[in-house]
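Read through the structure below, which is laid out as structure tokens, and then see the notes.
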Amino acid sequence: MSTVPLVEYADASPEVRTIFDEIKQTRKVPDVNNFWKALANHPDLLKSVWTSLREVMQPGALDPLTKELLYVAVSITNKCEYCTHSHTAAAFAQGMTQAQYQELLAVVAIAHQTNALANGMRVPVDTQFLVESGK
Amino acid sequence: MSTVPLVEYADASPEVRTIFDEIKQTRKVPDVNNFWKALANHPDLLKSVWTSLREVMQPGALDPLTKELLYVAVSITNKCEYCTHSHTAAAFAQGMTQAQYQELLAVVAIAHQTNALANGMRVPVDTQFLVESGK
Amino acid sequence: MSTVPLVEYADASPEVRTIFDEIKQTRKVPDVNNFWKALANHPDLLKSVWTSLREVMQPGALDPLTKELLYVAVSITNKCEYCTHSHTAAAFAQGMTQAQYQELLAVVAIAHQTNALANGMRVPVDTQFLVESGK
Amino acid sequence: MSTVPLVEYADASPEVRTIFDEIKQTRKVPDVNNFWKALANHPDLLKSVWTSLREVMQPGALDPLTKELLYVAVSITNKCEYCTHSHTAAAFAQGMTQAQYQELLAVVAIAHQTNALANGMRVPVDTQFLVESGK
Amino acid sequence: MSTVPLVEYADASPEVRTIFDEIKQTRKVPDVNNFWKALANHPDLLKSVWTSLREVMQPGALDPLTKELLYVAVSITNKCEYCTHSHTAAAFAQGMTQAQYQELLAVVAIAHQTNALANGMRVPVDTQFLVESGK
Amino acid sequence: MSTVPLVEYADASPEVRTIFDEIKQTRKVPDVNNFWKALANHPDLLKSVWTSLREVMQPGALDPLTKELLYVAVSITNKCEYCTHSHTAAAFAQGMTQAQYQELLAVVAIAHQTNALANGMRVPVDTQFLVESGK
């Protein structure tokens, strides 16, 4: 059903197996998800995406659960069925409660509503937001 | 530049002024943002959006900063210039640090990358994600 | 297959049943759609979305069919499979003819085409559109 | 500011002038919008888009105002600044009232909200929607 | 599963059959895809879309494979499941190699990442890009 | 106007200067674009994005111009004003002709049109597309 074959561990090259092993160890899972099996058709891309993802999602100024919540919010907004399922499951695995999940959905939903209103009325950005916030 | 006039407090109906007052008191700001001045052309919609937003964004299972971070992530993904500016500013006002902001951007960006890959290869959702997570 | 269990009437809390009853009475249907059964996991959100939706979709300056056509157009553009199916069915139930449906599709499709061209060439907005239309 | 020069009537080829004349006569306007001046860099595309648009937007099973409202809804959802401005102005020119405009915004906004919820919870489409509606 | 019945050749009107014949001859296929069978419910739209598509996709300043690659990239970005499958298959039929496909995916994915960063930080367009490139 | 300050070379850390130097040398430009100056607020993200981008965009199974055309197509579809301007300029710098640009716009535009139709009618994917193309 995917546009590429899913590469199973048994059929993978040593290069791909090394990355599959890393994913399984990092995430403490017995097998990698279909996403990685699909990406394994392009070992360079597999390696680059996994390396970046591991780095970005590690604990930092934001904790892993908050990062996962953000991932779910973006995946919903980007209408990615695969990512919505896999990251919602990952968020629950990270300890997201049902109450947190429902508030996440409520925030995502109202943000869509006000995004549409601001885009629809082409509201000009308030001057005070146009100073560089980071300064 | 907007498709509707911006309604200033001095020109607002008593009904609109009541809501403007609530917004100013809740947010402890001297004036409401352009978004509300634009919405004020439709008092019912103004009231309904403000009432919902206040309820959704109040502290709950998720803290206000996390909710604001989610709002920024959705607004970026929905390409809403106004909302990206206003909610990024709101997140900084809620205490978001520069380090947190940069990690938020990194998560949003890599989520876009993997969303595109999963959508592009039409990766089938793993069976284990298809059980109802909430059960 | 959803990320939350679907709450059936028989298993619903009294609070949820009250809203399910309202939906069934308003829409004259024997059971509520899956959308409401999913939302019922979060009774506050269920109540708030239903209350807003009922108010927005009631006859006003725009008739119910026109509102439903707009809902279909937005749902297609937002790539929401569930909403495209349910609101297309709702529009047919409101009296949309096959000829109207096909013209709706034609308008939605050509709007996508010209939206892409205007975004692609970054056409500057004509000065006459930048006066506030609502004045 | 655009990625292509805007072609003015005085500088246009006879082929482009013919289409500009048609647009001005059909719409009873003294000059064509920037969109057409940008497209005029590619006369074949200009002709094809104009021909399709004129045909799609003519009165049919849906009246011209309803078609214009749908165009606004899609343009907002596609985040096209140019198209949102130009088609909102066109809808006002077709007789859209302020009350109708505000209801359009309310429908577009709540559709975004429920689209996000249905996409977020991955609600399965109800069986009754999966019969071919058109039969 | 679609919102309209799929029109088979045997049940099609002479008008629709003429276009189906053209599609089959142009593409050297024994039957038309479901997309055309769905569009056949609206013969005018079928004719107009087929005519435009044939013209746009013919060899020109860009070769047919490059055009097909662009079609895949847009379809992925627009989250169109049908179009992603059909145009990925069409690109393979046009000679796209596995290596080219994987590079296409890599470009599409990193473009999504940097698009999100530029939109998120609201980076101002460099002055040198704002001169009209086409001049 | 951006949400972060733009970091100029003179104010940059040695770590950032090293990457700015690499960008300038690789692209043979006297200064880096605003995108990189904004990213420089987060040196790790700057380094990671630049490293990935350089690798993805280098000549491979697809030539650099084709990759740039794909980047433009995705940026238009993602409604990224900054990226549309910068990558259209980059494509012209890579040798894109006006004729090629106009055909690119035509392909992107018709893809949006047919994407909307396939999404709108929820056309089921043809069985022959559901075999794994990559096998």
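Letters A, B, C, D, E and F name the chains as they come in the text, with residue numbers starting at 1 for each one.
The definition used in the following text is that a residue touches a chain if its C-beta (ideal position, glycine included) is under 8 Å from a C-beta of that chain, and two chains touch if they have at least 3 such contacts.
In this text, all values refer to a predicted model and were calculated from it rather than measured experimentally.
Q: If you fit subunit B onto subunit F using only Cα atoms, how far does it have to rotate, to the nearest 5°?
A: The C-alpha superposition of subunit B onto subunit F needs 120 degrees.
Q: Greatest Cα-centroid separation from subunit E: which chain?
A: It is B whose centre lies farthest from that of subunit E.
Q: Hey, which chain ends up farthest from subunit D, C-alpha centres compared?
A: Max centre-to-centre separation from subunit D belongs to A.
Q: Go ahead and note the Å separation of the Cα centroids belonging to subunit C and subunit D.
A: 19
Q: Give, as an integer number of Å, the spacing between the C-alpha centres of subunit F and subunit D.
A: Each chain reduced to its C-alpha mean, subunit D and subunit F end up 27 Å apart.
Q: Take the average of all CA coordinates in subunit B, do the same for subunit E, and state the distance between these two points in whole angstrom.
A: The separation of the two C-alpha centroids amounts to 34 Å.
Q: For subunit B, which residues are shared contacts with two or more other chains?
A: 1-4, 6, 41, 45, 49, 52, 77-81, 84-85, 88, 98, 101-102, 105-106, 108-115, 117, 119-122, 130, 133-134
Q: Once you've mapped the touching chain pairs, tell me: line, ring, star, complete or other?
A: Drawn as a graph, the chains make a fully connected set, so complete.
Q: Which subunit C residues qualify as touching subunit B in the complex?
A: Of all residues in subunit C, those touching subunit B are 1-6, 41, 44, 48, 52, 55, 130, 132-135.
Q: Going by the contact rule set out above, which residues of subunit F touch subunit D in the complex?
A: 79, 84-85, 88, 98, 101-102, 105-106, 109
Q: Using the touch definition from the top, list the residues of subunit C that touch subunit D in their complex.
A: 1-4, 6, 33-35, 38-39, 45, 49, 52-53, 56-57, 60-62, 66-67, 69-71, 73-75, 77-83, 85-89, 92, 97-104, 106-108, 110-115, 117-126, 128-130, 133-134
Q: Under the definition above, what is the set of subunit A residues touching subunit E in their complex?
A: 3-4, 41-42, 45, 49, 78-80
Q: Mind listing the subunit A positions that touch subunit D in their complex?
A: 72, 76-77, 79, 81, 84-85, 105, 108-117, 119-122
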